[in-house]
């Protein structure tokens, strides 16, 4: 499978049907947990659903519009991450991710996102990486803050999750900042 | 032509090829002025361009995704306004507008936007009306403030205008607010 | 809602989902009456059906190919009218309409059609307005005759309504005629 | 090439790229003559144009919507004929044809159309065959009359040919009539 | 129906919905026999299935990509034949056929294929006609040999029929060969 | 960039616009060499051409129909390889490749193809890997033979390269064979 190496523990694989059986297990096990802040776990549950997601994601990757990866942590697929949208005109890559509940607390998302921010700046020539976290999703906002991202605003009525309409906390980080703090080349 | 009546001075006409010759004149005359904060005056100049805009807008209106109107002020077409995006799931209507330079200073945009906010809440069943103004477009931000809209954030790298990548000041107003302040029925 | 004003009693609204619940009521109540000469009341009955009709009609309006309006008589939606086809090359607008049974006999259709004929000539630059009435639909043919239209022929096998294949009486009126008889400007 | 046999002199071949070089010659030679009553000779002149016509016609044949044939008279392709539209719901086949000027006066079109009317009734299960001739195209109207077709009306503003908007004389013949007059089986 | 004449006993008709009822009978009667070497009899059984086949085949014929014919033997439709693929760039026409079990042993397929090979060379300007027979379909390979075709190879894993993956024996004949052996013009 | 590791010298990267400038250089330098047996170097020369190739290839990868990779040899992109077609029904993966002239003679293609054959069997669950070499392309046929593939036939008229129509030598290798000869797991 085609991969990117984040560090000794973590690889990112371009999404592939080979992972969808594992996705079904993770989402079955953690459905309540993931459905707190995400729309799709209510609708995307079967292997066919995830195969559709993989195919759609790869077509968008072909168009240069997004890039979705499975997260491999110590040999296990534990979640998914990537760029939901790559906006070439305004040079912004919007990041998104989810992680199985059992794998929280190992700093996986922070390491993955730091890698993706660098990838956005050096491989995709973006000026800004952006994360939209639900206003009340404090763990996700904590990741953004650990990454040194700036809170740019709380925009109301941005996403429907179940019966709730959520506000988004928009976090951004610009290329100039990462270059100062980057130190030695990550990858 | 199909119309909405704002007040004694102002009518809004659903966009129509009948107005595109007039649009060409306005944009020719005010191109520098309009190009400060808008992308399209650099590319949309001829009557064919505006006819394409009209056709595209009407197809989006057919899908319930947007609604574009010509602004008639005292019998003259003076600009364009409407909902750039109507998001039924999160109940947000995003407003946009432009006005010929000579017609600034008559309170036209404030009256039009107040009408549109009411239309969004009462006819389209939206919970929120939203305006994205370029961060430094102070006249447009002044309209938002006169309308009682809240500044929700300054989101960076949101739009490319010419060679510049602009930040957006996002303003929002919610249905509960307008109902308190609305007093007698507008239309 | 976007509107055209026919006279003190009658407005025409560009078709809109807001009217489809009312269409369902009218067609439910008058199904037998309307199915005598029209195909669609057998198939188009639910609000979803009429929403599809509205969307399809608005897309055709966007293309300049047709124009469908709800008829508002003294504040009630009582039927539908408009141009089924607008043929720019041969400058012919084909008119069509239906009216709830209870609203027959008030001269509504004659007033509406006179307005539409004028609209076709002055706003759409047509040379001819045309109505195809079923050969035996005498009330509809009476409207054509009251409007001063010419019977151009009875063309056989033109439309399937239920199990019957109907002949069409084709009526036409040309721009030169209406100008002579128009007298004071209608609208 | 796939063929239908009309009589000892005349075969009809399903349109095919093999004939398009010949069509180019015929239309080049008779352009003024054919352009009197037909739209397409002004625009369809090159072999590429006719190859597009053939491909489009065969796709429509595949859909059961039309059937276009080259006319072979004594071993030479002399024109084109067929059903421009086959309307299964109202059981009407609309016929159309053109013939090189040099081949006029041999009764070719009358024999071809008689065959096609029979084909429409016996092979396509139509109830009516119809021809729309330009009002002033007297030779074509004479063919209709020789075939025993009825003039159903003169419908104004039906077709644009060059700068003129033409009226159509609509002729029809019904299955019951042809059966009485048919005598021995044609084909 | 549009036809090609092979000899006194055999005509080929361009596929047409008129034949699909007969196809249903043949395939119902001979399903086991035909399913030995062909994929489609497992899936294509009803008149709707065959009508889809006819429509799809005619669209491919319109594109010049294939040509499918019903085989008429002494006034009865007994099978289907034609060019599955016509490759204009490499000048190869790939032939395919099936025949009802009761009509085997009359030399029908050999006569039909000899006609089609000639048609490919003289009407379609091909250099090669090709047949892919299942490796163990000895009757079909015998037809190829009777036609003087060369065995070019046995290519493994070429077609899935039921649960089996079949190898193909590829037979070819080139235009130069047929011209030498052809003797008097076939058609 | 997403990669597969073949051995210490060789990585395969999923095709990406990042490589297309390098492809332009290679094809410019070796155009005559590559055009001997390949169609595309005559037509695919500019960076836009290769960007189209990349996009098209990634869309096919998304559909599971093909998989195209850039070959990285000791840190330099030296050619392209992959599966031109992945046939899930008959479990055959057809391989293709090209290599810059300067990089011939290092056993690169043999190592790459051995890796791809293993990938086809273990990751894509194919039963057969297949290579179609031009009959007279002896170096390519030598690669096939070094890989232990069987010559299944010489099929005539298979590909047009320039003005020549080439025959193909078809080589295949089946999963059972590779398992016997594979010895220790390759990757």
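Note that the chains take the letters A, B, C, D, E and F in the order they are written out, and that residue 1 is the start of every chain.
Everything that follows uses one rule, which is that a residue touches a chain if its C-beta (ideal position, glycine included) is under 8 Å from a C-beta of that chain, and two chains touch if they have at least 3 such contacts.
Since the structure is predicted, the reported quantities are computational estimates derived from the model, not experimental observations.
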Co-neighbours of subunit C and subunit A - touch as defined: B
Pair exhibiting more inter-chain C-beta contacts, E-F or B-C: E-F
Classification of the subunit C:subunit D interface as same or different, half of numbers criterion: same
Distance from the mean Cα position of subunit B to that of subunit A, given in whole angstrom: 34
Approximate Å spacing (C-alpha centroids) for the pair subunit C, subunit E: 54
Round-the-ring chain order [start: subunit D; next: subunit E]: D, E, F, A, B, C
Of all residues in subunit B, those that touch subunit C in their complex: 1-4, 13-14, 17-18, 55, 57-59, 61-64, 123
Footprint of subunit A on subunit B - complex, ascending: 87, 89-92, 127-128, 130, 152-160, 165, 170, 172, 174
